Amino acid sequence: MPETAIAEAPAKAATGGNILQVRNLEAWYGESHILHGINFDVNAGEVVTLLGRNGAGKTTTLKSIMGIIGKRSGSVKFNNQDIIRATSDKIARMGIAFCPEERGIFSSLDVRENLLLPPVVRAGGLPLEQIFDLFPNLKERLNSQGTKLSGGEQQMLAIARILRTGASFLMLDEPTEGLAPVIIQQIGHTIARLKKEGFTILLVEQNFRFASTVADRYYVVEHGKIIDGFSNAELAANMDKLHTYLGV
Amino acid sequence: MTTLTDDTLPTTPRAMRDEMIVFAVMALLLASVPFTGVYPFFVMQALCFALLACAFNLLVGYGGLLSFGHAMFLGTAGYCSAHALKVWALPPELGILVGVAAAFVLSIVTGYISIRRQGIYFSMITLALSQLLYFIYLQAPFTHGEDGIQGIPQGRMFGVFDLSKPTVLYYVVLAGFLGGFLLIFRIINSPFGEVLKSIRENEQRAISLGYRTDQYKFLAFILSGTLAGFAGSLKVFVAQNASLTDVHWTMSGEVVLMTLVGGLGTIFGPVVGAFAIIAMQQYLAGFGQWVTVIQGSIFVVCVLTFRRGVIGEIAHYFRRSL
Amino acid sequence: MQALYAQLLVGLINGSFYALLSLGLAVIFGMLNIINFAHGALYMMGAFVAYFLLNLGGINYWWALLLAPIIVGIFGMILERTMLQWLTGLDHLYGLLLTFGIALIVQGVFQNYFGSSGLPYAIPDQLRGGMNLGFMFLPIYRGWVVVFSLIVCLATWFLIEKTRLGAYLRAATENPTLVRAFGINVPRMITLTYGLGVGLAALAGVLSAPINQVRPLMGADLIIVVFAVVVIGGMGSIMGSIITGFALGVIEGLTKYFYPEASNTVVFVLMVLVLLVKPTGLTGRAA
Amino acid sequence: QDKNIKIGVLTDNSGLYADLGGPGSTVAAQMAIEDSGLAAKGWKLDLISADHQNKPDIGSTIARQWIDVEKVDIFMDVLNSGVALAVNNVVKEKNSIMINTGAATSDLTNAQCSPNTIHWVYDTYMLANSTGQALVKAGGDTWYFLTADYAFGHALERDTAAVVVKSGGKVIGNVRHPLNTADFSSFLLQAQASKAKIIGMANAGGDTTNTIKQAAEFGIVSGGQKLAGLLLFITDVHALGLKVAQGLNFTETFYWDMNDGTRAFSKRFSERMKNKAMPSMVQAGVYSGLLHYFKALEAMGGNPHDGAKVVAKMKEMPTDDALFGQGTIRADGRKLHPAYLFEVKKPEESKGPWDYYKLIGTTPGEQAFRPLSESACPLVKK
Amino acid sequence: MADEFILETEGLTKEFAGFFAVRDVALKVRRGSIHALIGPNGAGKTTCFNLLTKFLKPSAGKILYKGQDITAMAPADVARMGLVRSFQISAVFPHLTALENVRVALQRQHGSSFDFWRSKSVLNHFNDRARELLNDVGLSEFANTPAVEMPYGRKRALEIATTLALDPEMMLLDEPMAGMGHEDIDKIAALIKRISAKYTILMVEHNLSVVANLSDIITVLTRGQVLAQGHYSELTKDERVKEAYLGAGHA
């Protein structure tokens, strides 16, 4: 697919093309070598989940794609463009958005400012009305301080604010951690709706039960490597293996 | 906020032994100074500042409290000792006692006010208190303002040691320094020191274990302030004057610099730092107007390139605590 | 009573300098988490640049008001790029020591070339003379300083608290990596912010050149007081430092009238009292 | 007896007083060495200098080290009263010599006088005396003092007030300001309100220059009041510029444009200075004091390296040089020479750079300085 | 009565500038039980803990511990009475070794902690007890490892060992399993079960299987107030709990 076509219709590019290609990705925190050659692909319009134990390197993988880790090597192609050397602000402007594990709600900003913080990087983001449709809670709390929201609302806010930007490729890191079951369900619904809207989503999850309700495909990360991958259809056949990988 | 001493290494019995060896070497080197032709007054002055820096380091390196007003203890003890020696004509040992007692009282008062504040606010409140004292001393008649207390008699320590003899004075100052240093060393490696370290590491946790942390910080503050006062009293015999320089905030800044250059939170760092800075001041005096520029550059280089300080870098290299 | 009014007004004038300087410090602390000890030296540079513009380039006061902050601001940005940016994430102490070193270097160099007693800078002709207000003789220049700095302070406050840029800045203080991952060039923004804070200092320098001697050490004595203002106002709080700056000027003015001996200490007494009652300053966020 | 002399210039090279003494003092000392012609007569002269950073303990440590290690024979300049008093003690203890040309405190020749110290150029007593007396005589009979709030300021105010009263004037008020005040408007308003004819500035350095500058702004001088500086130097006038400094009255004991001798020296001096500055009285004192010291040594036929002995010899010999004219050194170490009351010219009166002063009165040395009868110096036999 | 319930609150309330994080909570914790506090995010669980351990001052209400009113006490003093907490974010002394971590707690128990003139070698006689405690939580081989270098799950275990060293009567655990992998969760759960034989435990946890397996009784908080209380099996049937916490789809 030629690049111009993607630029014109970013959000609707859900035609199944290969949007992200990670090859041989290695990453370091200071001296410690964390990723040892990660390889995987994400196709436009699907939800892909990275599974793995604590410290396997899932978060690190997302951060390396986003360009917010000290040192990395290998190749990360987004829409056929190699972004391994780009700084994170450039990467964001190409249309990748990242919702971190710790949510990153700013306490010195109110909810509205938090929501409007990320600049619009391309046309095609969700308009505010649609966002409030997805997360009615946020509309009521627009003027309260960001970190005064409850944990679940903070998580919604964190997702909501990257939908506005026009980025069509979302990376969500453990969106359910520390949340009450009722809120986890809500987030599941949201992800399903986003998929329908044409977003591509790369998800990191510990909560396998939750992941299985939203994902199209899975990759398993261990010791900084992808050790397995299968689609939702193959899930049942792979349950045993998953038990050994994750100790579920 | 990151802590100042991120990479403090745990103290093991082996580390204790290393430290004792280094201490013995240091004591021997210092004791042999009068036989080497090194100018003793320089060393004496450096020893006083080294003790001051060690006392300061006790508070910041092990208590996590960065005081930006430690000059107030140095200066207060200095003025009080000087006054006691000159006006009341007390013998040296009592003169020192008066100075140390004054610093002790001052540290109780200022500690009581400042100890409950955290981080930068603690630094600022100590700075404010020391500035207050500075202006009081500037105006108080007994300090003689800008002129300072001059021509302080040195006298005879315990009626025996004639302090006007440089060699005698040197050993008295050295004994004072080593005594103070050993006390600090002991404090750091005492049950109290252990608690202090754990408070620095995680105060909330220490509280939840039932420690009334303010009391420990208060005691650390008093110990540090009193020892800094001891350094101030010793210095009176070396410089034979007591002046506003010793209470000015730039002196507090210099103490921070010494400790930083030597290595924050290391036992020997402040000593090395004090010697380095004092030597620099002495030998740069000839560079005329470039002194401040050179001094400033050292600050910059130090912060940008070897933040752990001399001893800190060495210790880090050998993975030992020194 | 009349004398009292006069003192109040005079206090306000001093307050303008405190406000401008502490505002710059607060911006830098709030956004970069650096306690900028070089602030006094940069203030001094502002005054010197105005002097050079006039004496070497024949550029007058009005242009200096614009140019000096830009020139010194650029100098500040170079400092940030080459040194300060390496301190991100470290304890405050290191930023403080580094900028202290920079201040020593800058002051030393200026002293070496321009001596220490200073250089004269005349009041611009348009602002010469004074008005008789009945209760006092108000030099027009001083009136101008109050009005102008008030405007600058409020404009800065608006820029930082009320605009998009301000939101970026505040967010970047909390979590620069994340803000950058949203597509904002944070390092450049921080550099510009430091430039802004420094520019404010330089602006105060230009304003003070006609009143005080243009001396290499003119900022060194002021800096500690300005620190106190920032601490009293609450570290990093923009409005806090503006209000405290002006208020402190007035309080100091009153002290000079009623008990002049204490006018240098009153700020520290105040600081101790404020911190005892309110540990994070008047409007400060928790440390 | 050998013929080696080592001279140490201990001064403020980097601080507030660096223009007053500083590198210029070293230049003056160098010129004195050259002009003495001693080198040609087989003497060996060495000069070192250092920055005491205005810290008494640094000053005294350097002094001690210079005497013990560098074998320095004589200390020159030593401005800053605190440092001077500290060095005074060291010099006395070690039997060295100090010719102090920079410090203001009159204690150096009073309670703290020493057989090893000569105070050459000026002191607070003289400044108060000369300025106070002359101004009252010229009609300035009501005074308001603006005083730096510490020992030095208090002493200056006390001494001047005494002179004012003795000469028939009246002190109608005072205000004390803290050291290193940046803004004097509050105090100036009070001084203005007092309606005194003379506002006496009992302060120094940056405090004085800021007072003057801001007084101009508040229209104090144009309103008919006069400012009297009690410790002010030509370097300050230069820094202020004539526009601001015009009309100021104060006392100095040396001005470059007094006569051919001073002009010749000053021209040579200024050529050697980086910023082409004319000599201050402190720097002039270094030159003149050193020449007298050399004369004494020559008369003794060598250097005995015995401070008290050399100083005694210097006191015996009358002084005479191109800069301060003829004079004597008293038993208490006070060098006597005339004091001049100057008024700063208006900008239009000035013919060029550094043309700043009009002489408006001269007090002979014997009357200008503290009389021995009032001295608390133990060296003075009563 | 006082014997049956080790901790009781009456009308416990905490207000943050008009917002009630905890409102009128009456909690009774039975001696020797494992009592769980659950509720949606922002329900006020952590705030409750902070009130009980005095890290926050209640706006209103009363706290009785062992029949004694502790409402006005300082946090350190509450800890000294045997009511000890853990933190939501793991709290250890990072640059002390595991052994030293535990020893700091033992030292408080046995005095001498102000002795600045004695050598710390006097502390060595605590070593045996410290090792015993580390052994209890399965950390024997980590005794000389600085806490920073330990994996996350082990830090939590260390925290519990340190707490045990105080020989408390009651422990408050705030999300002890947060962010842990499955194996670690099982280990810590087993540990908690084991120590509950001796101590009373009040804990906050979002992991339902843990709550279901461990707790004797559960209190559900929402919007700062107690919504329901009972056994897991009862609560899963409660419509209000389903709506507020478990979610519609919960089996």
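Things to note:
As written, the chains take the letters A, B, C, D and E, and residue 1 is the first residue of each chain.
Basically, contacts are C-beta pairs under 8 Å (C-beta built on N, C-alpha and C of every residue); 3 or more make two chains touch, one makes a residue touch a chain.
Remember, it's a predicted structure, so these values are computed and weren't measured experimentally.
The chains that touch chain B as well as chain D are C. Chain pairs A-E and B-E differ in how many C-beta pairs are in contact, and the one with more is B-E.
Relative to chain C, the chain whose mean Cα position lies farthest away is E. Mean C-alpha position of chain A lies 76 Å from that of chain D.
Averaged C-alpha coordinates give centres for chain B and chain E that are 42 Å from one another.
If each chain is reduced to the centroid of its CA atoms, chain A and chain C end up 44 Å from each other. Between the Cα centres of chain C and chain D there is a gap of 36 Å. Across the assembly, chain D contributes residues 14, 18, 149, 178-179 that each touch 2 or more other chains. The list of touching chain pairs reads A-C, A-E, B-C, B-D, B-E, C-D. Here chain D touches chain B in the complex through residues 13-14, 18, 22-23, 48-53, 55-58, 60-62, 64-65, 68-69, 81-82, 85-86, 88-90, 105, 107, 112, 149-152, 178-179, going by the rule given at the top. Residue ranges on chain D touching chain C, taken from their complex, read 14-20, 149, 175-183, 185-187, 189-190, 192-193, 205-206, 209-210, 213-214, 217-219, 235-236, 238-241, 243-244, 275, 277. Only residues 66-68, 87-89, 91-93, 97-98, 100, 104, 106-109, 113, 116-119, 121, 162, 165 of chain A touch chain C when the two sit together in their complex. Within the complex formed with chain B, the residues of chain E that make contact are 53, 55, 74-77, 79-80, 84-87, 91-97, 100-101, 103-105, 107-108, 112-120, 122-123, 144, 146, 162-163, 166. Chain B meets chain D in the complex at residues 39, 41-42, 45, 135, 138-139, 141, 144-148, 150-151, 235, 239-241, 243-246, 281-282, 284-289, 291-292.
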